[in-house]
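What follows are several structures.
In the two complexes that follow, chain A is the common piece, with chain B as its partner first and chain C second.
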Partner chain A sequence: MPSPFFCGSDAHRVSRRGFFGAAAAAGVAADMTGLNVLGSPALASELRRGQKRVILLWLAGGSSQLETFDPKPGAPTGGPFRAIQTDVPGLQISELMPKMATRMKDVCLIRGLNTRNGDHGSGAKLMMRGRRDEPSLRYPDLGAVVAREMGRADSQVPDYVTFYTQTEGRSFAPGDSGFLGARYAPMELTTNNTPEFIRRLDSITETDHRERAELRNMLGRDFVRGRTSDALGSHAEAYGRVRGIMGSERLFDVSQESQRTRDRYGPTQFGQQALIARRLVEAGVPFVRVARAWWDSHGQNFETHQEMVPELDHVMATLIDDLKERNLLNDVMVVTLAEFGRTPGINASLGRDHFASAWSMTMTGASAKGGAVWGRTDPRGQTVTHEEVNAANLFATIYAALGISPHKNYYVGSRPIPLVDPGAEPIEALVK
Partner chain B sequence: MLLRPAYALAALAALSGSARADDPLHTLIDQHVGAAIKSAGVTPAPQADDATLVRRLTLDLVGRIPTTTEVDAYVKSDDANKRATLVDRLIASPGFARHQAAQFEVMLNPDGGGRRGGAALGEYLRGAMTAGKSWDRVYRELMLPDESDATMKGAADFLKARLADPDKLTNDVSVSFFGVNVSCAQCHDHPLVKDWTQDHFYGMKAFLVRTYDAGGMLAERGFGLAKHKANKGPEKVAPMMFLTGTKLDDPTAREMTKEEQKKEKELVEASKKEKKAPPPPAFSARARLVEVSLKDGNADFFARSIVNRMWHRFLGSGFVNPLDQMHSENPPSHPELLAALAKDTAAHGYDLKRLVSGIVMSQTYSRSSHYPTEATPDRRLFAVAALKPFTPLQLSTSLKIAAADPAQFEGKKAAEFEKLVEQMEGGGRGFASLIAQPTDNFQVGVGEALLFSNGDRVTREFLTDGGNTVLGRVKAMTDKKAAVALLVRTAYGRAPTDAESTALVAYVEGRADRPAEAYRQVLWALVTAPEFRFVY
Partner chain C sequence: MPPVPTPESFRQTGDHNRPVITFAVALGDRPGRAYFGCSDFKVYEADLGAAKVEFKELHGTHGSYVTGVAFAAGCVVSGAYDGKLVWWNTAENRHVRTVDAHGRWVRKVVASPDGALVASVADDMVCKLWDAETGRVVKELRGHAERTPTHFPSMLYGVTFSHDGRKLATCDKVGKVVIWDVASGNQLGACESPGMYTWDPVQRLHSIGGARTVAFSPDGTLLAVGGIGKIGNIDHLEGKARVEVFTVADGRSQWVFESDRYRGLVNKLQFAPDGSWLLAAGGAGEGQFEFLDVAAKRPKRQDKLTMHTHDFAATPDFGTVVYVGHNRVVVHKPA
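Coming up: the complex of A and B.
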């Protein structure tokens, strides 16, 4: 059907579209639904040049630093596992992580976290934001900030995706854009690996779906003339992104990958979601969180970690290798983080409890310095003795390693809100 | 951007002799706002047309779009008094109580989209608005609820939801009722605002720190202390002190003894068992806060805050923004007008209906939101109407009305009509929970656009074509032009333009094999377009 009111609108959209203009020039339909984003070398190289992205492996419930990155073999608090030498001279990690042991040259390890909050709910909030909410100001989390800093207004992919399939602890750590609002709210996947509302309903045909959207544009054209408001602009932008985001459904489909690649990540849900995360960042999604629950080993800490750490070791190593091979590791940062670590003291149920005063996290890729280790804990792992890092310093460092100034301000009304708490500086030694 | 001081001075000069205290509120408003616009050398937007105004008034006052019957009645009426009549009718209708209560609920519980304390607070607020309670009475009832009175249960939720965190309680009370965010002064004197020192924060906290949760019931001790430690220096005991600096003699400021702690434990156990609150103390610090905050000389905070909030609700932004930053470093855009409205509101017993009616009867309120030239005047002049994104409930109720056969509303008695609207509002509540609550600087997320584009729920709840629906009606019509015109009128309260009519008819004609589907998509396009999503 000819639709006279539609003429020209696509051309406008294309000209605004920055690098997607390259796709249009190459003869790809301006409607992105059918576009193979991954397959276009022009797009991939544009992404490679500028935009940093993050994959956060969220170890929900609190993984044990002693059974991962800060082992204390032989100490009364050390537990049964040994430490093994890594490819970084002088650095040992738990024997449960043999694959990562050969890749620590790429990893920036912080062992000196003292975040002073051992509560699942508020600890998770703190470690997703780098700060505590004020009584009447809700801060955006890391995902929302990265989405805002790295996302494009007319992006054809989501800005912030979070996978949290297990139910344990999910309500403690929802993705949250705080005062940045609905524009940067995460796309949350909880029950399966395909986002809600990304697929056209069977009750409407493809043509009708597209053409009713054009009808919608036509109806708004007079209204927006002579009216300016950010909310109005965001409304247009949100609908303008729908078709593109629908086209990104395939990014969530691991069957698009070769069997070899899928096997490489392993058959676990965590592995498959990490693979989806790689597909998403490769296509330009600024922030993806893959949550793996539930590390909360108050009882049977060693069995829990014997089961879960090798999976983490495998998935993390595979992800880093894959990003490296795709020449993406300079722009994509893989972060492992939790709400806290676990007590060195072993309780009567052979468990470890919540512990926020001396624990570990890692950053791999972007401008995080590979092979660096920051922070030292005492021989039993009770306290940080050197190079202590709090949540604000950590976030300042993450932002700096992504090329974002931690002292940049957002504005709530006229009030400037710096990205991290005033006074917190990045750890220069960890940023390339 | 702040108005340059010169504006304010010029505005004052222009006003001298023109605005009088006994002028009606709307005249007062227009004189002050008009003077500031004039001295800024700005041409204000013209008055909105009747169809726009009836839509705006209906959305702002009762929280939904008007029906075609309501639009037609207003547009066609040549009664010189029709606007006042409409405003009076809407303010007197049950929809006003429901919509304003919903707005107050969000104001009091912004974190939970208005639902943190459960549904009881909302129920209380609806009752309060229905009874036409004044704002100071609502304040008293929220701050000093009598839980033994079953009708006051919900009022207690405002405090009860905050008892675990006295710092938050302190700040939320200050923000909600006085427009003052003192949380910055919790750890140090405010670095930028000399008005707020640690003494202010802890002075306010001293009124509230004795309030506690006694086994699910609200209780208060007859003694207690708010202590604070400055960055340097010894720990201090804060006397009860209101934001104006008014301090209270307090013979009861002391720590709890061991004996009293034990006794309180027993009291808590007893109230749990009997489901009855412990008796109130002889000296209630919280009651003193209410008393001192409404006293002459102190009541300015309370009066100015409610005026600023109501202005924000109807005009889209406050005289002071953000709403919780009313202090000397953040002067209002129209200081004289804010003062005059605050004075009037206090003098008339904090009657919300009088204030609301004054605002919406002004020419300032009824300006067009359309400003054709490039340079839109400074928002703080109120020279152009602001676009206000719908609240979730405004959106869902309006969708229900746009989806209904307008014949349903015709010829109904007022009470029947109100009942039908209330049912529709109730039916949309579930959907409303999927929509984000707008805040200042609100931006629509792509999640909403995806929900509307691909959500089964949108189709099922708003786009069906059975009995009593507008889609059911149009699919039986043979005249396509009349059919799309009806759809445009129910959604937008106006006739389609020629271009719209042509395009919509062409869309339907291109789907001759599936006209019902075609009309469904037309309605979808109408309600997802910006003209539907905003109060304009």
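Coming up: the complex of A and C.
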């Protein structure tokens, strides 16, 4: 259902952001949206590009491709679940995902991942960054790059938010801005759904808080008069961002949504965090990761997936529907990804172990081509037989589908650092 | 009653490699004849008394793992994760009927002691009683919650008849056990064994475990429940093999056994014909069996099996025990 606030035009798209900015400003923070930027035609195209955002559903621990997007029913490795037909002719996925089966025409599915790293720690880093760190160079992860590319200098909402509430595996893949530095480091939520330590201290009144800011601004203006320094600008920007982030607390409050909307996402923590992620990207946050741990099913793989995949199916389908209804799906990409998949072989505990040689991920929205399937695995799911994809190709494709040139260079000192490993190209067939 | 074999007397007399996982076993009406439900969606038959044991495909009509088999009214009744029950006449080697029995995975199928009824349990959380001859539903027993307290689907793992056939017990993922009156379908009582279920709300946000199997003592006074104890790292079946015994009359827990030697699930329990001991079998990466002294409330014999064991079947006198599981079928007999 189309949003009542949006007609689809670029002009209205800008107005819509203005609407959300105004709505937020009414109850949140007077300085959250930077409406002056929206008034500048010169920045309109930049803003359109900047509107691309990402919600990463991080399936920590490694979900099974055989129980999700690459089933092998009837094969000795196939497990007990059936495959069901999707709305894409010839494409079947696991019966555990009936809701997604009717939405695959919006989903770009890669079945040919061979990332060659079956270790939780280094695998998670690889799949968050698209490459391995060098001994003397720590690369930024996907969230930091998207924050850097899609965030706006004047934005006072966080650029990169990550939810990782479970403890298992959290240390394997912390959000990491690498050489981009603290400016693009994530706001990490690890204990509940609301950021800690962003509230004004009870001992300081709102009036005191505001007057302190005004005094600091006045002293700052006097100090910088006649001086030019990047450090001074950064100092003032940091204060401004802090105040904006302090005002963003309501974005994390799902009680601001209708009961119907909250019910749609369901009662689970994953569902509620996905709803918050939608609120955040709608308000302009470029990158939100919702980590759902822990899929590491060495024992009882099928029961673990029987428990967890229906939740993923529901949350993913609801999120896609919600974004679509709000006309956000052209701007927001929902990615499902993990550090690796799981072995086709079934161990004695009815478990599946770590496996990075032939597994799957999805991209939905932005310029990822819906209904596309890339990569094919053998009948037992043990190898990629066609259209193999490594981490660098994958990240090049994600960047391309977000309108970011994967060949863009950052600079560390005078050294150019391309966004992806040299030679990696996006899979053009997956980008609209 | 013939003398009951002692736990110490059992010796392995057969060990058969299989290319599949065997989830369920039932003994037939001829000596040595056994039927197997397997991970290749098929039901097999074997004469375990033959000089050369061969596993012959009986049928492959299921669409998923075959997790329950029972022998009743001349038929092997098999249940699978496809939700279906299949009746197969063994004497005539023919398909009798297929029934869309449950909306979710069938976990176990057992026959009543007189062979007149077949009971099936499934993850739709319903136990159904079937007329073994006609395949018609006799009763639907509903007493287990479909969702766990944390909003995830529950699972109904185990079912057993009492030795007189008048009672039935069912057990589920969160450790709830319900005792039923077979004739009326009414609940007679319930007991809880929450120690079988691990919900990890902090580290991994999912669950593992569950009450997997139940067994009545021959006199009907005790009910044993098997599963796994609390697990720290639920990536693996790391908890201690666990058995809890209740009195049927009041549902009170009488004792809890947590293995000091083996970790993993207890997937099958059965009392000795005289009730003096209880046999528990299961496993994790490897398998084990443990004989528990019912009166002394302690283990009498604990030993490894060559595979994670999903089920076993014994002749009424325990002259033969057939263990089945991961890629093997193992036969034990008293010396």
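By definition in this document, the second predicted complex is superposed on the first by the 372 of 432 C-alpha atoms of A that agree within 3 Å, B and C clash if a C-alpha of one lies under 4 Å from a C-alpha of the other, contacts with A are read in each partner's own complex, and residues count from 1 in each chain.
Here, contacts are C-beta pairs under 8 Å (C-beta built on N, C-alpha and C of every residue); 3 or more make two chains touch, one makes a residue touch a chain.
Owing to the predicted nature of the structure, the values given are computational and were not obtained by experimental measurement.
Enquirer: Which partner does A:Asp208 contact after superposing on A: first (chain B), second (chain C), both, neither?
Expert: first
Enquirer: Is A:Ala348 touching the first partner chain B, the second partner chain C, both, or neither of them?
Expert: In the superposed model, A:Ala348 contacts chain C only, not chain B.
Enquirer: With both structures placed on chain A, which of the two partners, chain B or chain C, ends up touching more residues of chain A?
Expert: Larger number of chain A residues touched: B.
Enquirer: Determine, under the contact definition given at the top, whether A:Gly90 touches first (chain B), second (chain C), both, or neither.
Expert: Neither partner.
Enquirer: Just chain B (first), just chain C (second), both, or neither: which does A:Phe81 touch?
Expert: Only chain C is touched by A:Phe81; chain B is not.
Enquirer: Could you say whether A:Leu219 touches chain B, chain C, both of them, or neither, answering first, second, both or neither?
Expert: Touch status of A:Leu219: first partner only.
Enquirer: Overlap of the chain B and chain C footprints on chain A, residue-wise?
Expert: none
Enquirer: For the complex, give me every residue of chain B touching chain A.
Expert: 110-111, 165, 167-168, 171-172, 175, 181, 183, 321-322, 324-325, 330, 369-372, 376, 386-387, 389, 436, 438-451, 453-456, 459, 497, 499-500, 503-504, 506-507, 510-511, 517, 521-522, 524-526, 528-531, 533-534, 536
Enquirer: Report the residues of chain A in contact with chain C in the complex, numbered from low to high.
Expert: The touching residues are 61, 74, 76, 80-82, 165-168, 266-270, 292-294, 296-300, 303-304, 306-308, 310-311, 346-351.
Enquirer: Which positions of chain C touch chain A when the two form their complex?
Expert: Chain C residues touching chain A: 19-21, 39-41, 63-65, 81-82, 105, 123, 150-153, 155, 202-208, 234-238, 264, 283-287, 307-308, 325-326.
Enquirer: Can you list the residues on chain A that touch chain B in the complex?
Expert: Where chain A meets chain B, its residues are 1, 3-5, 134-138, 158-159, 179, 181-185, 187, 195-201, 203-204, 208-209, 211-213, 215-216, 218-220, 222-239, 241-242, 245-246, 412-415.
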